[in-house]
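Two complexes, one shared chain (chain A), two partners (chain B, chain C).
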Partner chain A sequence: MRFRSGLLAACAAAALALSVGVTSAKTLRYANQGDLKSLDPYTLNETTANAHLGNVYEGLTKRGKDLSIQPGLAERWEVLEPTKWRFYLRKGVKFANGEDFTADDVIFSADRVRATGSNFTTRVPKDAKFVKVDDHTVDVILTSPNPILNSQWDTWYIMSKKWAEANNSTAPTPASAQTPSFSSLNANGTGPFKIESHQPGVKTVFKPNAGWWGKPEHNLTEVIFTPINSDATRVAALLSGEVDIIEPVPIQDIQRVNSSPNAQVLTGPELRTIFLGMDQTRDELLESSVKGKNPFKDKRVREAFYKAIDIETIKSRVMRGLSTPSALMIAPELFVFSKDFKRPAYDPDGAKKLLAEAGYPNGFEVGMDCPNDRYVNDGQICQAIVGMLARAGIKVNLNAQPKAQYFAKVLKSGGYKTSFYLLGWTPGTFDSHNVLYDVMGCRADGSNRGETNLGNYCNPKLDALTDQVLVEADTNKRNDLIKQAFQLGFDDYGYIPLHQQALAWGVAKNVKVAQRADNSVLLYWITKD
Partner chain B sequence: MTETTAQRKETSMLARAFDSDIWHSFKSSPITMLAAFIVLVMTLAALFAPWIAPMNPFDPAQVYLMNANIPPRWLNGGDPQFLLGTDDQGRDLYSAILYGLRVSIFIGLIGVAIACTLGVTLGLVAGYIGGRVDSLIMRIADVQLTFPAILIALLIDGIVRGLLKSAAREDIAFGVLVVSIGLAFWVQYARTVRGSTLVEKGRDYIQAARLVGLPAPLIMIRHVLPNVIGPVLVILTINVGLAIITEATLSFLGVGLPPTQPSLGTLISIGNRYLFSGDWWIVTFPGITLALFVLSINLLGDWLRDALNPKLQ
Partner chain C sequence: MLAFILRRLAQSVAVLLSVAIIAFAMFRFVGDPVNQIVSLDTPAEQVEQVRKDLGLDKPVYIQFVRYIGNALQGDFGQSYQFRQPVTKLLAERAPATLELALMSALFSLLVGIPMGVYTALYRDGFGARLFQAVSLIGVSLPTFLIGILLIYLFSVHLGWLPSFGRGQVVKITENWTTGLLTISGIKALILPAITLGLFQMTLIMRLVRAEMLEVMRTDYIKFARARGLKTRAINFGHALKNTLVPVITIAGLQLGSIIAFAIITETVFQWPGMGVLFLKAVQNVDIPIMAAYLMMIAALFVLINLFVDLLYAAVDPRLRATIRES
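Then we have the complex of A and B:
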C-alpha cells in the first residue's frame, strides 16, 4: 500500500513536471507596476495601455521597432489632395471572432473614437469626413491639411462594427466609468494576439490569434500579464523566475538584477517627459486655501513653483542619476533645438520673493494629484516636491493614488478635477505638434485641442503657431515655428517640465525582446527559448 | 469617627494594592516586569517625541531630499546627524520612529476605547434586556465575527474614502483609521459582557435592585458592569496590541496614514521597497520597534489574564 501510494505520487509529480515543462516553455509571464483596467481601446490614451492593446488591436498604420510608420490595416495610402487621403485596406483580414474587416469598421471606429467618453478624440480631426469608396477603400476628407495624419493613427485601433453593435458597445467607455462595460472586459481585434481572459487588477491572459494576417515574429503560446505594484515583490518575482519580464525595474535594484544569474536590465533613454501642471483656468482652485481667486493665474506664482524645485537633487537622490532634467515639454531626441533651452536655476529664496510679490508672503495651501504606479518613482518625486515647496512656504496636500483612480479624476472624462498635478507625456506622433496641440493648446468647446491640457494653460499666440506648424512642409521653417511656440510656453511658465526618465526593463536571460524607445512592451516581438 | 474610617480606608487601599495577589504575581514574573518596563519607556518616548526627536518628520520643510537613504550612524557612509539613518525622503529614521510610535499608540488606544465602549454597551443591553434585542445584536456580532477584523477595517476605510472625495482626505485619515479599528473590534467585548451579564442577571442582588424599582440603565451601570469588567480588562490590553498591528497593516497596504505623515506601518511599507536593494535599515528599525512594543503589550495582557483568573492560581 505504501509502495503503491509512493508510486502514484511519483507518477503525479512526473506528470506535473512534464505538463509544466510543456506549457511553460512558451508561456511568457509579464508583470508591470500598473494595472490594465479597461480593454476598451478608447478609454485611456496611455503608453502602457496602448502597448497592451496594441497586441490585440491594430490601427490603419503601425510603428516598427525604430518607431517608423509602417502599413497596418491599411496596405498603402495616397494623399490625393492636401485635404483628401485615400486608404487602401488590407484584404482577407479577420477579427478574432471570425468577422471580416471592411471599410465599415473603419468608419464606425472613426465615429466611436470621436464620441463623448473617448480619450483619443485628438487622433481623428473632429470635422473629418470618412467616405466608403468600396469595401476595402476609404477616403478621408479634411477641412484643413494635415500632413502627419498617418503618423497619428498607429494607436487609433480599429474595432469591429458588428461586434460592438451586437454587444451594446457602440459608445466608448470613459476612464471615469464606475461599472465596466462589455468592451472594457472583452476585446475583439485583428492583431497577433487575442484576449483569453481579463480580470482587472488580477491578470490578463493573451493567446496568439491563429487567424492573424501577418507572419508571427514571436514564438509564444500564451502570455500571462499580472500587475505587481510593489517594487520589491516585482523584482523578487523576476529573480525567482516567477515572471519573465518586468517593467519598470526600480532604479535602486538595477545593479542587483544585473548581477543575478538569470535576468538582466535593458536600459535606454525614454522619450517621455515628466512634468507638473497647474490649473490656470478656474476662478477659484478646487483644492486650495486661497478663496475667491486662482493663484496660478499669476505668472509669478508659477515661476516661484518652478524655481522652488531642485531638479538636480531629484535626479541624484530619487532617480539615482537615471534621468535627464528637461527645460522643454518634449524629449531632446524629438526636437533638434532642445539644447537652446535652459531650465531657470533652482532658487528657493527667489521663489519666496516672487510669492511675496504676488501677495502670498506666507504661502498658501494647494492639493496635488499624483499617480504612484505609473512613472518611475512617481510617488517619491511628488513627495520630494512637497518638501521643496514647503520650504518656499507652500503647503501641498498630496493625493498620490494608483493610476486608475488618478486618471479617472484628472482627465477630461473626470472633469479635469485637479489643481496641481504630475503627469508624463510621450507625443503619440513623436513630433512636437502633438505636444503643442494636445498638452499646450487652449481648451475650447467644440474642439479637440488641449484634450490633455489638464490645467488649461492657454496662450492664443502659441495656438496660432501650432496651426502653422501643422501645415508647414519646409523642415527648417517648421522647426523654427516649433521653437517659437515652445519659447512662448517657456516664458509663460505654463508648465514645469521635470525630466525624461530612463527605460528599465527586467528581462529573463532566455527571453529576447525589442525595446522600443516609447517604452511599449510589445508581445509580438518577444521570443522565449 | 468618619475621618478615621476614611483614613483607614485610604491606607488600606494602598496596602491592599501592594498586598494583592495581582501585585505579587507581577513581582514574581520578571518577563512581565520587563514587558511593563518596555511599554512604559516606549510610551513615554512617544509621548515626548516633539522634545526628544531631533527633527519633526511630519513637517516637509524640515525634510531634505539630499539626505535620502543614509545608512545608520555606525556604518560606512553614516552621518552623525542621523542615528538610525534616513528613509527615501531624507527623514531621520529615529525621529520618524518616535513620531510613528506616537501615532500608532494614539490610534491603538482611541480605537480600542471606541471598540470597548461600543462593545460593552451593546453587550450589557443584549444580556440584560434579552429577547429580540439580544438576538438582533448577537446575530450582527456573529456575522461580523465571520470576517477577519482587518477586512472589516479595510471595508469601512474604503467606504469612507469613497464617500469623502475631497482634499481633506489626508486630514481625516487619522479619524477614519480610528473609527474603522473601533468598529472592527467591538464584537469580542459584546460577547464577553453579554455572557457575564446573563450570569449576573439571575443573582439575588440584581433581583433586589429591580424590586426596589431602580431603572434598568442604572442597574446595568451601577450593579452589573462592575461585576463583568474583569474579562474586559484582559481583552482591552491584548486588543491595544492588535489595534496597533491593524493600523500598521492598513498603513502598509497604503490605505492608512499618508506617506507624508508616516506611522510605523507606513515606514515599514516605504522600507519594504528598499529591503533587497541594500537599504535594510528603513524597514528593520520600525519593524523591530513595532514587534517589541506589541509583544510587550501582549505579554502584559497574558499576565493580566492569568492574574485575574482564580482557576489558574
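Then we have the complex of A and C:
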C-alpha cells in the first residue's frame, strides 16, 4: 500500500512537472486608463506612451528601477572634452526585423528626433553634431558643455535607418501628415518585446523578442494591452481577474482592491510635483476685485496664500494619505538636498495678518484655474484650497474644467490667461535644471526660458544660477548651485508647491512588478506565476 | 413621387450642412487641439508650427470651407491622436457599434413585446405588476449605473460574463470583424446589449401594453370572441398584429438613437466602437473624428427619417394623394 501510494505520488509529481512544462505560456493582460495612440516613438511625449514603446524600442541609455542612468544600446560612454562625448555602441544587437544595429542608426535617429513634427526635439540639443567614428562608436560634438546631455536619452528611442527608409518613415509623423504613416502602426526596435498586432485605441499585443541582446528578467510569453478608460470598469476587470495589471487605481477604490482575494494595490511616490502659481507679471490681474494693481506682486500676499493652505488636511482628506507634501518644486527623489527645505507651517492667523499688512485687511477676490481630469483628484484639491483661503478672507472664484479647455486657457498658446492656477510638473530630464529653466525662469521673447512659468515669477539671480547649473560638470558644485537657486524661489514664495501625488497600480496577486517612480509600467520587469 | 423624394433629399443636405456649421462653431469651445498634440515642454515655435500645419491658424470659416471641400471628395482628414485617416478609424469601429446596436434592438423587441402582451392580458396579475415595476427601474435608472451594476453582479461577483471588451473577434473582411462567431464574443455582447437595450425594451413593453389594451376593447375583438375563436388566435392573430404597426415605427426610429447613444454603454464596457472613439476625441479635442462622427450620425438620422417618410407615403393612400396634389 505504501509502495502504491508512493508510486502514485511519483506519477502525480511527474504529471505536475509535465503540466507545468506545458502550461508555461504566460499571458499578461494589462489595462491602462490611456490609449496607445501611435507606435512612432517621436510623436507623443507622454509617460504612458514612452513606457509602452520602451518595451519595444531602446535608447542609448536606460533607466534602472531606481531611475539611475544605465547603459542601454551604448555599452559605455566618456566625456573626452566638455563639448565632446564618445559613445561606444553595443555590438551584436539586432532590430526585431533582423537588421544589425550600427552607428548609422544612431545618427539617423538623432536627425529624425530633431525634425519637424517630432515631439521630442528637446531630447538632443539642436546644434549637437553626431559623428560616426566607426560602426560602433559615435562622437557627439556640442557647442557648449552640457553635463546632462544623456539624461533623457532613455526615452530617445533608436530607430532603424534602413527600415525607416524602406517604409517611407524617415520623418516623424506630425499630426498634420496627410498620408497615414507606417511607423505609427508598426514598430521595429531592439527591445525585449516586439509588437505582434496593434489596433489603435483598442488592443495591442506584445510578444517577447527572441533575438534580444539582454537576459530577460520577465517570464511572459505574451502581453495583451487594452485601454479601459472608465475607472469603475477598470477596477472591475481587475477584481474579476480579467486583467492582471491596471493603472491607475482611483484612490477611493484602493481599499476595495486591497480587500479583494486576488489583487492588491502598489502605491509609491510619483515624481510629479503639484503646485499653485500666481500671476506676478500683469499690472492688474485678469480676474480679481483688486483694480489698478496686482496683489501677487507683493511677496507678503504670496506668503499669506502659502500659509493659509493646510497641506496636511489636503493629504489626509483629499488624497486619503496618498501624497507627500513638498516644500520644493521638485520631487525629493530627484534632488539630494530636498530634505533641507521645510514647508512654512500652516498659519491662518499669520496669513490674515500678512494680508492686512499688505493692505488687504478684508481680503480680495481672485479667479482660479484648475484642471479636473488631469492629476489625481485635482478638482477636489482646488475646492479644498478655495475653502482654506476663504478662512483668510480671500474669495476664490474657482474655474475647474477639463484639461482640454484648461490648457487652452492658461498656456502660452492661450496667452497665459490666468491669475491663479494649479499645475503639475515632472522634469522630463529628471533633473532640477529643467524645473529652474522651464517653470521658474523669467519669460523673455525669443527664448524658451520660462515657457511654462504661467504666472511669470521672475528673479534674475535665479536665472543666473540656472545658467551656471547648465554648464557645471562637477556634481557637488552643481548640486550646491541648484540648492541656491531653489532657495531663492523658496524665499520669494514664487510658487506654492503642494505635494507629490502617489502612484497606484492594481496588480493581481500572482504578478510581480517593479514600480518605478516615473509611473512607467515596464513589461520587462514583470513576472507572473 | 420623384419630386417629393428630390425635395426630401435637398432638405437632407441642408440638415447635414447645418449640423456641420453648428459642430464647427462648437469646436472652438472644446479646447485647443494643439495642446493635446504637443507636450508641456514643447518649445513655442514648434507649437505654432503644428498649429500652422493643421491649418488651425486660419479663421474658423476658412477651416470650415476647407473641411466641406475635402469631405465632398470623401476625405475626412486624419485623426490628431492616431495619425490615421478618420474614415478608416470609423470603418474599423463601426462593426462593433452596429453589432451592439442590433443585438440590443433584438433584445428589446424579443423581450419587450412578450412582456407587453403579458402585462396587457393579465394586467392585475402578480407577474404583470412585477414587470411594470421592473420597467419603471429600466426607464428611470441612468445607463451607466445599470451597466456598472450589471458588471458588479455578473463579472465581479458571479464571474459569468466579461466586464469589458468584445472578447475574441473573427475577421470577415478588411475592416469588418464580428464577435458573433465565438463563444467569448457572444458572452461579451450580453451585458452591453442588455444595458443599451433596457430603456428601449421598457419603452416597447409599455407601448405594446397600451396598444394592446386599446385593441382588446375594440369591437372586432369582441366579435371574434363571440364567434368562438380560440383565445390564442384572438390575442396573437388579431390583437397583437394590429398593435405592431406603431411598435415597428418606434423601434425603427429608435435604432438610430441606439447607435448614436451607444456612447455611454460603450464607455462603461470599453466596447471598441465608434462611441468610445468619439468620447475620447472630445476629451482630446480630436476635431476630425468629432466632425466626421457628428456628420455620420446626422446622416443616419436623416436617412432613417427619409425612409420612414417614404414608407408612410407608400403605406398611407391619403398621404400619397396630398403629395400628388402638391
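Convention: the second predicted complex is superposed on the first by the 293 of 529 C-alpha atoms of A that agree within 3 Å, B and C clash if a C-alpha of one lies under 4 Å from a C-alpha of the other, contacts with A are read in each partner's own complex, and residues count from 1 in each chain.
Just so it is clear, contacts are C-beta pairs under 8 Å (C-beta built on N, C-alpha and C of every residue); 3 or more make two chains touch, one makes a residue touch a chain.
All of these numbers come straight from a predicted model, not from anything done at the bench.
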| item | value |
| --- | --- |
| Touching partner for A:329 - first (chain B), second (chain C), both, neither | neither |
| First (chain B), second (chain C), both or neither touched by A:488 | neither |
| First (chain B), second (chain C), both or neither touched by A:384 | first |
| Chain A residues touched by each partner, larger count belonging to chain B or chain C | C |
| Chain B versus chain C as contact partner of A:232, first or second or both or neither | both |
| Partner chain in contact with A:96 - chain B first, chain C second, else both or neither | neither |
| Which of chain B and chain C A:404 touches, first, second, both or neither | second |
| Touching partner for A:318 - first (chain B), second (chain C), both, neither | first |
| Residues on chain A lying within both footprints (that of chain B and that of chain C) | 230, 232, 236 |
| Interface residues, chain B side, partner chain A - complex | 59-61, 63-66, 68-69, 88-90, 166-167, 169-170, 258-260, 272-279 |
| Chain C contact footprint on chain A (complex, rising order) | 31, 35, 37-38, 40, 43-46, 116-117, 119, 121-122, 173-178, 180-181, 184-185, 199-203, 226-230, 232-233, 236-237, 239-242, 373, 402-408, 411-414, 425, 428, 434, 438, 448, 451-452 |
| Complex interface listing, chain A residues touching chain B | 230-232, 235-236, 250, 252-253, 256, 286-287, 310, 313-314, 317-318, 367, 379-380, 383-384, 386-391, 396-400 |
| Parts of chain C lying in touch with chain A, wherever the complex brings them together | 29-32, 34-44, 46-51, 53-55, 78, 80-85, 88-89, 92, 148, 151-152, 155-156, 159, 162-165, 267-270, 272, 276-277, 279-280, 283-285 |
